[in-house]
């Protein structure tokens, strides 16, 4: 039994999506001349500004390409579904984003992405463009705390990219943008659960088997198995398990401020996200933490997977203004 | 049967690789679904199709064609397989050299070169449950002596055995590494596809 | 086999969602004193302004409560899942929205909603508050063209409410807000397809059976059966069938401007919506119509149903500035 | 068995209605799923539960309790069923009057009053495939004469027959109206639940 999708041809899905995105958001995005899988903000990159280039596989929309625009990312390299883009579009994105002050690559920490973006960095070096890299590693379920740099990047991307994009928009130099990006990543914590599989447009078969009545805890955003499988539990218990883990990692003090994202992995509707958010807000209040910003919705998805993740960014005086900084992207706007 | 492996033999090898990946796409995706993100079959088919197209579009030496395969594969795929196979093909291109044909008895070197490229790019160690666990033993077998067909048989068998052995490994690289013990009991999709590719190469080199 | 949901208790889902919404968007929404199922914009209603009150069943989020906020609706009455709110919250919403210039109720045309809101209007009359009603009827699949007033209101709500809310925000009198609301409704056309069923939080069973390989054409936003069932077809063909019907109804002239919404019914991801949008944009270009505004995303959903709808609003000199008017709602912002 | 139907009998009637709706919730949702939005069982159970709670919380006459039922049902449910049953219960309240009990022989009038309220609120005509197609024949049978149990049997049977007949109707009111011919062959969920409610009322009135 094939999964039901509104597509034309599985192999063409990413390119056709991109055409649709460019048609809908031509005021904000364009494709650099001659490029097939890179997009650049129409009014983002400018002389003397660090160019922020993000990228990754498709199927996570609005992550990644939806976060390109003034105040956030300058350009994006677009891969196949759940597949890192090759070096070529990353190079094209970087060239388009380059304002002479260097380029910062930011993407989730996956073996494939690292290999491809590293090849892109080498190619850029030959062009005389300095490209630094900050990997996002916010998924606390994906490796123990002492191996933070082995963790995956997931929905926390939204806040982490946003902080870096704001720093770049404020014309900070490359060293400083890089430092703030690392700082943002270090203070961002995510964990998710999956309740059903997604399916690739090419195969239209569930990516994995999840028996009814079970959920996958610590699931990645590509349907990679998580930490463990367990019985599906009530929303409050799920929120509690995640918040216990996040609060423990975060080590915040009463009175600290946070930004929160309750994210749908795809088909989990707003009703369920707000039920989760209600508990998250209670737990943060109990911990004496003030919610400075709350996002609830599908921000980092896995096609039509059911499930949700909770992200908390532990704000400080440096991060707070960056999170508040306005941005105007195709699929995300603030301020 | 000539004793030379020519550019037109290379064209046919890539045809065979595409046919094989077409047949195995869904099975490889299923394997990847168990410990990864279920796209490995799609990536390998897309990559090999683009490589085949690039090889056919190139009128040049074995080296030219294999370099074209590398670029075609990489640009179509990205992912983990893209850089790994692109680097593998580039090393094979170098090993084949700027010739229209090479002695069949030297073709096992191409397999060893592929393995080197993959090891160089991915920095994996044998035993980490990656495609290298198929490529590395294949490369080792390729260095052996005896008649070509025997050597190629041993190469293909080594790759297959290596791939099978990944089921008993705990992943410590790539997507599956986050699974820890949960990856035990499931073969690595990249190693399984590698064994298929080695098998097709061995068949083509044999003539 | 029960469907997988992140909820606590099916019967409590709507109330818990509402608590989450109020916790997340306290800057924009509040509950009127003593009310359980009404929300009012914190800075919407004001002296001399017509109060726009929307409402309907839950499960369509961000419709309805997500569209409350300055520049759009002043208040909202919230029903159970797929069930009209009773008269009481509609009365509470109207009282909270009332600025002495009258109240306009707007909601989708469903038997239950009409009965409940009419009862509310009678109760308001006794309080001396004038309440008018404009029903939305944009679903062209739900009745023939000569029976427009029997049609359902679906995703076109977004544009229609927005136009009326802008008119009210511009301090136009009740007669004029009502006229513009009817005008907006008359020029808005929607049609959708469903690819899978949703399920209620109480029953957690698919609302209907849709065999693999089939889709429901003209599906309503509550899983009501549509015009007919047919084989699932490629996205471009689906877009064509819908656009043929809309263009035929709309009777626009070359050079006219439109607003477009490609809407997910729930679990259909952005990738598929943009693939549809690509074709919609082509079809509108072929018809010589200019896209003045494009929305792509989940705006009017049916819980986790898979499927999509396409809405086209035929703009004119009156509607265009209303669609461009800024609004700041909990789940929708423009300008 | 007394010849009077008292406020405590009314309490028990609402208990029975809740129990019945609990048992039938999923079946009614399934019926509604075929031609509507699959929530009818949920609405009826929520409505009757709230009505039962309101009836129990009211220390008053039959009229007070039935008015409380109306309000409880309506505020818990909304939807189509809410206004229809609320108006039905309000008419029944009026018919029962400000008394602690009423002669059982007059109880069929409550069913007729319910039907009137539902007809008034919904403005449906018989044959439009709504709950009225069960309530209207029940009301008509309620007006007949003969011993009470016979009359109540006829009332329940009429409602059931009316509900069954909706399968042969094309809906022209309510959610299902947009279905046209596609509604043929499927009974109306509101008519089916109405027949159940009438049956429970008949059982309770009989004593």
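Order of writing sets the chain letters: A, B, C and D. Residues in each chain are counted from 1.
The rule is short, and it goes like this: a residue touches a chain if its C-beta (ideal position, glycine included) is under 8 Å from a C-beta of that chain, and two chains touch if they have at least 3 such contacts.
Since the structure is predicted, the reported quantities are computational estimates derived from the model, not experimental observations.
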Minimum number of chain-to-chain contact steps, chain A to chain D:
2
In terms of CA centroid distance, which chain is the most far removed from chain A?
D
Roughly how far is chain A from chain B, centre to centre by C-alpha average, rounded to an integer in Å?
32
So the centre of each chain is just the mean of its C-alpha atoms; given that, what is the distance between chain B and chain D in Å?
72
Measuring from the mean C-alpha position of chain B to the mean C-alpha position of chain C, what distance in angstrom results?
53
For chain C, give me the residues that contact two or more of the other chains.
81
Provide the list of chain D residues touching at least two other chains, using ranges where the numbers run on.
none
Quick one: do these chains touch in a line, a ring, a star, all-to-all (complete), or other?
line
Chain C contact footprint on chain D (complex, rising order)
25-26, 29-30, 33-39, 41-43, 46, 74-84, 121-122, 173-179, 182
Could you please specify the touching residues of chain A with respect to chain B in the complex?
11, 57, 79-88, 110-112, 115-116, 119, 142-143, 150, 152, 197, 200, 202-203, 205-208, 220, 222-225, 228
Given the complex, residues on chain A that touch chain C span 1-2, 4-9, 13-14, 16-21, 23-25, 58-59, 61-62, 66, 81, 193, 195-196, 201, 212-213, 215, 232, 234-236, 238, 266-278, 281, 294, 296-298, 301, 303-304, 306-308, 331, 333
